[in-house]
Amino acid sequence: MYQLGIVKRNIVRADAAAVKKLSAFGSATVHEAMGRVGLMKPYMRPIYTGAHLCGTAVTVLLQPGDNWMMHVAAEQLHPGDVVVAACTADNTDGFFGDLLATSFQARGALGLVIDGGCRDIKDLTAMGFPVWSKAISAKGTIKATLGSVNVRVVCAGAEVNPGDVIVADDDGVAVVPAAMAMQVADAAAAREANEAAKRAKFASGVLGLDLYDMRPALEKAGLKYID
Amino acid sequence: MYQLGIVKRNIVRADAAAVKKLSAFGSATVHEAMGRVGLMKPYMRPIYTGAHLCGTAVTVLLQPGDNWMMHVAAEQLHPGDVVVAACTADNTDGFFGDLLATSFQARGALGLVIDGGCRDIKDLTAMGFPVWSKAISAKGTIKATLGSVNVRVVCAGAEVNPGDVIVADDDGVAVVPAAMAMQVADAAAAREANEAAKRAKFASGVLGLDLYDMRPALEKAGLKYID
Amino acid sequence: MYQLGIVKRNIVRADAAAVKKLSAFGSATVHEAMGRVGLMKPYMRPIYTGAHLCGTAVTVLLQPGDNWMMHVAAEQLHPGDVVVAACTADNTDGFFGDLLATSFQARGALGLVIDGGCRDIKDLTAMGFPVWSKAISAKGTIKATLGSVNVRVVCAGAEVNPGDVIVADDDGVAVVPAAMAMQVADAAAAREANEAAKRAKFASGVLGLDLYDMRPALEKAGLKYID
Amino acid sequence: MYQLGIVKRNIVRADAAAVKKLSAFGSATVHEAMGRVGLMKPYMRPIYTGAHLCGTAVTVLLQPGDNWMMHVAAEQLHPGDVVVAACTADNTDGFFGDLLATSFQARGALGLVIDGGCRDIKDLTAMGFPVWSKAISAKGTIKATLGSVNVRVVCAGAEVNPGDVIVADDDGVAVVPAAMAMQVADAAAAREANEAAKRAKFASGVLGLDLYDMRPALEKAGLKYID
Amino acid sequence: MYQLGIVKRNIVRADAAAVKKLSAFGSATVHEAMGRVGLMKPYMRPIYTGAHLCGTAVTVLLQPGDNWMMHVAAEQLHPGDVVVAACTADNTDGFFGDLLATSFQARGALGLVIDGGCRDIKDLTAMGFPVWSKAISAKGTIKATLGSVNVRVVCAGAEVNPGDVIVADDDGVAVVPAAMAMQVADAAAAREANEAAKRAKFASGVLGLDLYDMRPALEKAGLKYID
Amino acid sequence: MYQLGIVKRNIVRADAAAVKKLSAFGSATVHEAMGRVGLMKPYMRPIYTGAHLCGTAVTVLLQPGDNWMMHVAAEQLHPGDVVVAACTADNTDGFFGDLLATSFQARGALGLVIDGGCRDIKDLTAMGFPVWSKAISAKGTIKATLGSVNVRVVCAGAEVNPGDVIVADDDGVAVVPAAMAMQVADAAAAREANEAAKRAKFASGVLGLDLYDMRPALEKAGLKYID
């Protein structure tokens, strides 16, 4: 359950070496390395193409149409952090724009993941401050109601704890629990190595049917070839 | 209520000086300058990134799957106008493409805002004729049923009167009532000036908490910091 | 009705000359040339801007969260084919990524149209392998349940038979029945020729009202001009 | 454009005789009598089946997640009024429940039309206080930000002015401008009388093809019968 | 591909005995009996609870906002038919109401399945004329553009050929190809018989784990029980 | 992060006395008593009106189109439990029907909350086995891939831990963390007592403006009354 009116100052961020190792991989590889879990819903899209981010989560719980807690969160940011903002209700208002981005960037934050709306797209793109959001909206917000900072949140269907690793790119947003960061990084590396070999085979014309030895299983499942 | 079968020829366009002044600002600033109202819903998206338009509205009321009134509207266009097209029903058909764009552009129109679908994206992009639409769809339309031109319409949740100022960019579409255009332009200018100073402070590391003196209000609201 | 567990090997592809002729046109022109039918729903979007494809359909019927049949389909691909993948349930998982694209490309396939999710966007863009999809999602899939290859499918609201011609671009995806390919190509050519002349007239300031002689019909329908 | 922070006390309600006459008709008939305009979007649904309401609009403009203005509106209600609540952003929170309904009912209001969420469905049904809403949601709201009462609003895509007539039933919500109420009531009555005769003919087996003499028009349009 | 402007008069309806046998089963059983295919999308909902229909399809292809073809279809109806209406574009207008229902019912039709909107819900419920639709909307339609009757259509994601069997109930809408009707009816009967026995076992406390002997497969798949 | 392939047998259910006390309240009251948090998204709707349930959660994590884990969950059910089923992807298939309901009911379960589809609506209604779901769909599922039972899940945007209290009614679904059950029940009781007094005042014509002493705050916020 969400806790409101709370700011947790001391959070345990994922191991820096693990974060660094994870930063070599995309969201798809990382999610596969966790056993196909840990993804936010696909309605979360980057505001510009080609962004890729890997950092530790500082979480924010917003109220609809209110971005007060964003300013509270700014103070809790360390270099390498990613702000992950959830909202207590579905809301597409533009909670975030170039001023807050300037503040977050000054604190060393790498980007924002927000289950809500974002604005000042042109400026954010020029600044190179990536945002993954549910919507783009010019609509402004107020500063009137408390939410929380650094509590566990559900963002776009995924649970995020402060300190977790966020890997986001054009394919979506993956969340790696802090305690599993190195283990997932290792699994991702293994997977990637394995994929390079496969890619070469596929390029040479080998079929997945043979590369993965699928024909017996397909036959057993009853697949029929007709002419 | 919508009026059907009407074309209003003489409309009062917003003051040209106000339109010019407003053209310096984005949709977010303009909407803030109006007190956070006057935006279309965020499902309205530009067909290409980076477009920015400010002009006076010529409104069109379409019937679903029918773009007849677009041709009627063309004749009413003055240089600097923006066509704002609403529809009597939710419909994503491609009401607009490169031929109509050529005609609108020849009349001096700056772009189109349509609560429906648009097609010929590639050509429109090459022509530099921006469109904000609900959908992109190759589906063609017929020319069989009357709508209206230059009546008050509701487009993507916003009321638009002929002659109102339309400010559209990557963040969305703002509508400024003609009678308020200069007042809003002034407020936007004041806001922008104010933002430049804030941006510098944020960049230097000052927090919004201190810049806006939020700490007392947060404490009064009951915010608790824990370690 | 869908048939499951079937792979049809010998399909009749549309006439190569017709496919070549159709490749000169966009989805909007082709759909108009068919009498305004044969389009997929507009939620199908290209993963990158500017892609344009014309080829013969190899169809795949997928089960939700399962891309097994994609590998079965790979073996049935001929140069110039386009894979058209439908799913037995609404599902946005990432059924397709760079490995399968490498395999499809090695077989000569031109691209993919999928009523589901796609991932590895960055890689696919770099490879120049276009995909039109309902969603972008990093979520991986399993290989456990039979679907079919080269049966008739409904993809994004459009019926597609193996061998049909697929024309896809920024505006959407059109499906031309194989038997009608040349007839549609001819009609598209006629339409395009006709449009070039119109475009010039529109550019010179002629109105559609006059070019299409709409004024009498509008008057008869009761359109009223007011001042 | 929306005005915020305003309560208009003296509004001109539609003529009582016209409202009474309109109350005999459903939303479909009324909308047809206006020339097929004036409907809210079909996502507006009644919280229970069989409700039918006809009254004069008191409008409310809400902020997302905030129902403060509902209490301000209560004071402006006259017997026979219908509250029409719009919101400055898409929001499904439960702005309205049994306590407010008790208050509105005590003032003589007939029901609520809200482009947002509603809760206490069971109680409202037992009270016989009908609500047409975009969503049902238990989520509560705060009382912190000003909206307005009795300003022109856009609710579910339809413009509503204070004093307009609202006709709502299982089919949806129609809005009749106050100044047109009697004219629309007369047109609705004429239409209804006409429909009764048609219904009897249809029941006896007469086809619409013949009743409306459609065969020549269909033939002219090119309809082909094949065996 | 859709054919426009065509009415096919002589269609082959599914065998009457098969239709009668199928009428004993719900949409879920029928869809399972076909191997889990043949369902329309779940956005298709009945306008009232408890309706159950089994009949032969007369198909209609509508244009958005136009119900002209409904009247053409009426003439082609035989007792026991179900009208299945598709549309060339997404549209929620109220294509169908009590007058057309009176006409259809007079011809012996059992109900309507429409990938669009429906109105006069109260009257249709009172008449006992069931409709499965995508939306309920009071919005009226015009009669201006040709579609077709008794051509193959895609309705809510499912292919329907004239004469196919439609089984619709609270769970959704299943389509049985005419040629497979008896075979599917037999499979449904077998399945139903089998389910009765299972139901008794489940009621007595037997677990599916044991009834279906799932434990070995779960263990093999790696399921771990922890305390 | 989700754990796959796990069944936790010994879970700590919320205190029985607290559950009993909570069962007197609806989801809106409970959510308010928690400080306006803990609700699932409003797309979760009961399959029949008037259902009300309060019990302890047994959680299930499903894979798209696969209900295998439902059978595994059945064995873990105690009397008074409510099954809460999440899915690793958005999916509306009919994961649950009357056979599983018979099994769950035989184990003493009170109902199901599922972020997916449900079928056999008529039978479930007749059985009095309530289900809150995202969709109703006749589409069947397979039994092929492991999920988990009694791990923490995110269901319709809310975090649910095994043993938490689920309160569901016509307004939606509230989740009370097991450790807070009695505290929330007490707060709910206090709130309810308070509401009874308010209801009487509202019924007598007292306005919320006065009952809650809102006039000074509204004036301070700048509300203007005009005539």
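The letters A, B, C, D, E and F name the chains in turn, as written, and every chain counts its residues from 1.
Definition applied: a contact is a pair of C-beta atoms (placed from the backbone, for glycine too) under 8 Å apart; a residue touches a chain by one contact, two chains touch by 3 or more.
None of the values given here were measured: they were computed from a predicted structure.
If you take chain A and chain C together, the chains in touch with both are B, F. As for how the two copies chain D and chain E face one another, under half of their interface residue numbers coincide. Computed centre separation for the pair chain D/chain F is 31 angstrom, with centres defined by C-alpha atoms.
Chain E has its Cα centroid 27 Å from the Cα centroid of chain C.
Shared interface positions of chain E, defined as residues touching 2 or more other chains, are 36, 88, 90, 92, 139, 145. Counting only pairs that meet the touch rule, the chains in contact are A-B, A-C, A-D, A-F, B-C, B-D, B-E, C-E, C-F, D-E, D-F, E-F.
By the touch criterion stated above, chain A contacts chain F in their complex at residues 1-4, 34-38, 41, 88, 90, 152, 154, 157-159, 175-177, 180. Residues 26-28, 31-32, 36, 39, 42, 45, 49-50, 169-172, 174, 195, 198-199, 202-209, 212, 214, 218, 221-227 of chain D are the ones that touch chain E when the two sit in their complex. Interface residues of chain D facing chain A in the complex, by the touch rule stated above, are 63-66, 88-93, 139, 142, 144-145. The part of chain F that touches chain E in the complex is made up of residues 5-10, 48, 68, 70-72, 74-75, 92, 94, 97-100, 102-103, 105-107, 117, 119-122, 135-140, 143, 145-146.
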